[in-house]
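Think of it as A, B, C and D in the order they're written, each chain with its own count starting at 1.
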Amino acid sequence: MAEITACSGNLTGLEIADALSKRFAEGIKINSASPKRIFSQVDKEIFLELCKFLKNDLLFDHASLVSGVDRIDRIQAVFHITSYINNCCLIEIVVDLDHEEPEIDSITPLWEGANYHERETYDMMGIVFKGHPDMRRIFLPEDTRFYPQRKDFKLKEVP
Amino acid sequence: MADMWVNMGPQHPFNHGLWNLRVLMDGETIKYAEPILGYLHRGWEKSMENRTYPQIIPLSDRLCYGSSMSWSHLYCMTMEELFDVEVPERAEYIRVIVLELQRIVSHLLWLMAFGVDLGNLTVMLYVIREREMFLDLLQSITGARMTYNYPRIGGVRNDLPPDFERDCIRAMDYFQGKIDDYEKLCDGSKIFRIRTEGLGVVKPADAINLGLTGPNLRASSVDVDIRRDDPYSVYEEFDFDVCTHDACDTYARYRVRMDEMRVSCDIIRQALEKIPDGPVRVKVPRNAPKKSVVARVEDPRGEGMMYVVGDGTDKPYRLSVRSPVFVYVSAANHMLKGHKIADVPSVMGSIDMCLGETDR
Amino acid sequence: MNDNPNAVAMNSKDFMKWSTEVIDDVLRATQAKKVLDKLMLPFWNWSQRNSMYPLHFGLACCALEMAASSGPRWDAERLGIIYRSSPRQCDVLLLNGWISKKVRPALRRLYEQMPAPKWVIAMGECSISGGPWYDCYNVVQGADTFLPVDIYIPGCPPRPEALIDGFLKLQQKIKAEAKGPFLED
Amino acid sequence: MELYTFIEGIVVWLVSIVQYILNVIGLHGLSDWLGGADIIRLLTYLGQALIVFLVGFIICLTMIWQERKTLGRLMDRRGTRIGPLGYAQQLADGFKTFLKEIIVPERAWTSGYNWALIILIASSVILVGIIPLSDGWFLSNTPAGLLLLFAVFSLAPFAILIGGWASNNKYTLIGGMRSAAQLISYEVPLLLSTVGVILLAGSLSFGDIVAAQDKIWFVIPQIIGFIVFMIAMNAEVERIPFDLPEAEAELVEGWGTEYGGLRFGLIMFAEYLRGYAGAAIAAILFLGGWNGPFLPPELWLLIKVFIIFFVFIWVRGSFPRVRTDQILNLGWKWLMPLAIINLIIAVAFKMLGWF
């Protein structure tokens, strides 16, 4: 018999969204919530605290994806975190960052699985994750000057 | 012997794909392992921003060449969520059939590589033989051997060929006997057991924390399957087991995959029984709405995920991919530390590497 | 060296040099090299044709077709295509997949490590011309930008039949080139 | 007919022709010198060496062919098909290597790199000279033939270690170290398992050992010894599952990674020569050597050799490779005690007077 079984917890996405908005009244904006999905927008200041709350109290145990989106005027860091125990619920956390110096707290100390995703996001988008153990480029060579995923980096035009 | 760094790659027979494992060794014991990626990096996500939505489907096949179908299906599924279209039921059933066929092919590919890693070429050649059979089946549906370009946004490209059900059932019957053969060749051999048991142990809590997913997570005694827990397509219609194993080692990962092939055969049989009639494709608009969606599937290798931002044009604003193997690579040090260098192929082979989706 | 070489009074290096030169002179003067080449050429050529060892090296998608081609259905070993892992022991560098800028120096080095009569096969669109990644910032647009490619096998990915056909084409090419045992003359 | 007398006849005939010509010219002194017993013996030995080596060469090629075809069939393929029944593949492989460029790695220790190979090839070729194909077909029939053979056999780890170290490559270094550890630790059970046979036969000479198996093959009283011998010999000739020094999955090509071209061809050849030697010793010690009805004795030995080699190939086709520590465990903890038990059995048989 398996030691850990998914969906053995009792919280659904709606309850989790409630708990989050109760705990972080100011900084979080829940865009939509369903039993399996929560979409939220979070302030940069409370982000790390929110992640700790997610991990310790709401049993979110798996960092699925860390990525970034270049919105021209700002850069968004996007985190997808799953709770296997609680209904396999997936929460999307979008954090707006400054375009010139995008910096955010790393979640690698909480979820080891985010390690390479954060390195990749740094490599591709230039978002610096504070507290990451090994913040280096992962795909491109160390001396690359550009961040390819940013919108100001244009691919060559082919007719 | 003093400590020394050994570069296992980029050209090394053990890395199926193209990556470099830098290993710090004390004699033959590994003290530290550092994966170096990026040898297959081609900027997939960036160049997709230059393509229209339908153009991306064949390219998403090339994400992971071991299981092309599941990636193009994931892409189409994400897009259906973005465009908010309903897929006809027959198309969903066909998708389940081809996905499970692809899962078998992918696991066979893994077993083939694993056989080479352990030094047993016979396993590899037997597995190639049966893999051809499934490739023929997929070829009869899609016309291609590896990169299928088959799912479409809002359905699938074409219906099943005539007599497909008969061929498929016949192949399943034949193949289930062959799985027993593989087990005789592998489990039955004492050397295979001592080469796999007790290696690369990842405890359940560690496994979740390290971000392992899919068969590797289930082999670490965690009962998770996105097909069951977060159902997509028509997977809630089927009754299937989620294979887990308690040993948490290389052997467990081998066992889980072997069992999953049987389960996949089972799902295909059910799908062939239940498949309804009807159309297989609907029309979708050309331009996407301004919103972002996320979808995830149970890829043969683990949790595949795509995050798409649409901006109202016919090209995606941002397309981000979660590749399961990318995360497994980061667990290399955890798995390899303290083992011998001879265990590197055995352990890294057991997690099913596919570098196309890792480097993107 | 002395004007009048005397084999007894020379040290070993000088002797080797002197004797090689003498033998070379004799061979050249008597046209023996050409005669030997002509006589033995079919045989050497046959052996080169029928024993092409490709490097066991997979880049991307086409590597799976490479594996399939050595499987029971196609069985490339029939034609003497046996995969070796060390570049020192190979004759054919099989490029199967896209070539990123990070792997290009490694590939060039692999090519340099192979001993002299060596051939390069570009398999699949990506290594022929960059293929679907025509606009990517990190993909080399074709293997022939940095390696002398002998055979191109188009396809994305080519089927195993096409790979074997490519090897047969390479056999024809080796036959046409027809280099004898004294390769440089 | 003995090989020596056969060759001697040919040599005497050839020498007499030359003598006749010399006499016609008038070089009577040279002609007499040529006809002397010493010269005849020398020429006979040279001719014999040539013949034995050629036969060994052909056997070796046949073994490579046998391995390719059998392995192909075990893996549900056809194997090589160049030439009649695929036999010419080995020739193509071999002669191709003559044309390859000779590369010595820039920072390798050149003399070590070259000498290691020479030692390996030489020791392997000497093996062919020592092994008799019958009581007439041999180069040297020393009373301690078996001892000499094992002494030459155990030279290889030395060469491999030096070659691995001299190549200046980490994989070759690890391969060389592995090879040394493995071959030295398997030497002991290998020799211990043969001691039983030597006791029963009461001699170290091949002829006596085979003659002692006239009534019953030693495989029956010495079954444990036979099993130990086969496993240890499989390890000694470095074949899967014990091919750690050239473990492809982890060490690229092991200690031979940096050897290319002709050197690589010679290494392959030496490996199969050692494989032939291993199979031949097993046949001589345990399977009655060249004893057998109807067919000539040489053929009988070869049949047995190929059967034993088939078992080696079969094992190669069915097992994965073991790990370094496991192989040493197996050698010291299992094969050693088994070999000693086998020795005790042999002593018991001898004391009971059954042999």
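Here is the rule we go by: a contact is a pair of C-beta atoms (placed from the backbone, for glycine too) under 8 Å apart; a residue touches a chain by one contact, two chains touch by 3 or more.
From a predicted model like this one, the values you see are computed outputs, not experimental measurements.
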| item | value |
| --- | --- |
| Chain grouping by contact, computed as though chain B were missing | one piece |
| Of all other chains, the one whose Cα centre sits farthest from chain A | D |
| Interchain centroid distance [CA atoms averaged], chain C/chain D, Å | 32 |
| Between chain C and chain B, distance of the C-alpha-averaged centres to the nearest whole Å | 35 |
| Intercentroid distance (Cα basis), chain C paired with chain A, Å | 49 |
| Centre-to-centre distance between chain B and chain A (centres being mean Cα positions), rounded to whole Å | 24 |
| For chain A, residues contacting two or more additional chains | 139-141, 148, 153, 155 |
| Residue list for chain C, restricted to those that touch at least two other chains | 71-72, 85, 87, 102, 135-138 |
| Shared-contact residues (touching 2 or more other chains) in chain D | 75-77, 248, 252 |
| Which chain pairs touch, all of them | A-B, A-C, B-C, B-D, C-D |
| Of all residues in chain B, those that touch chain D in their complex | 4, 6, 8, 12-14, 28, 115-122, 125-126, 129, 185, 189, 191-192, 194-195, 340-345 |
| Touch list for chain D against partner chain B, complex | 71, 74-77, 170-171, 174, 178, 240-241, 243-244, 247-252, 317-326 |
| Of all residues in chain A, those that touch chain B in their complex | 1-7, 36-37, 61-65, 67, 69-70, 78, 80, 84, 87-88, 90, 92, 111-117, 120, 124, 138-141, 148-149, 153, 155 |
| Footprint of chain B on chain C - complex, ascending | 55-61, 63-65, 67-68, 70-73, 85, 87, 97-98, 100, 102-103, 106, 110, 132-133, 135-139, 156-157, 159 |
| Residues on chain C engaged by chain A in the complex (per definition of touch) | 102, 134-138 |
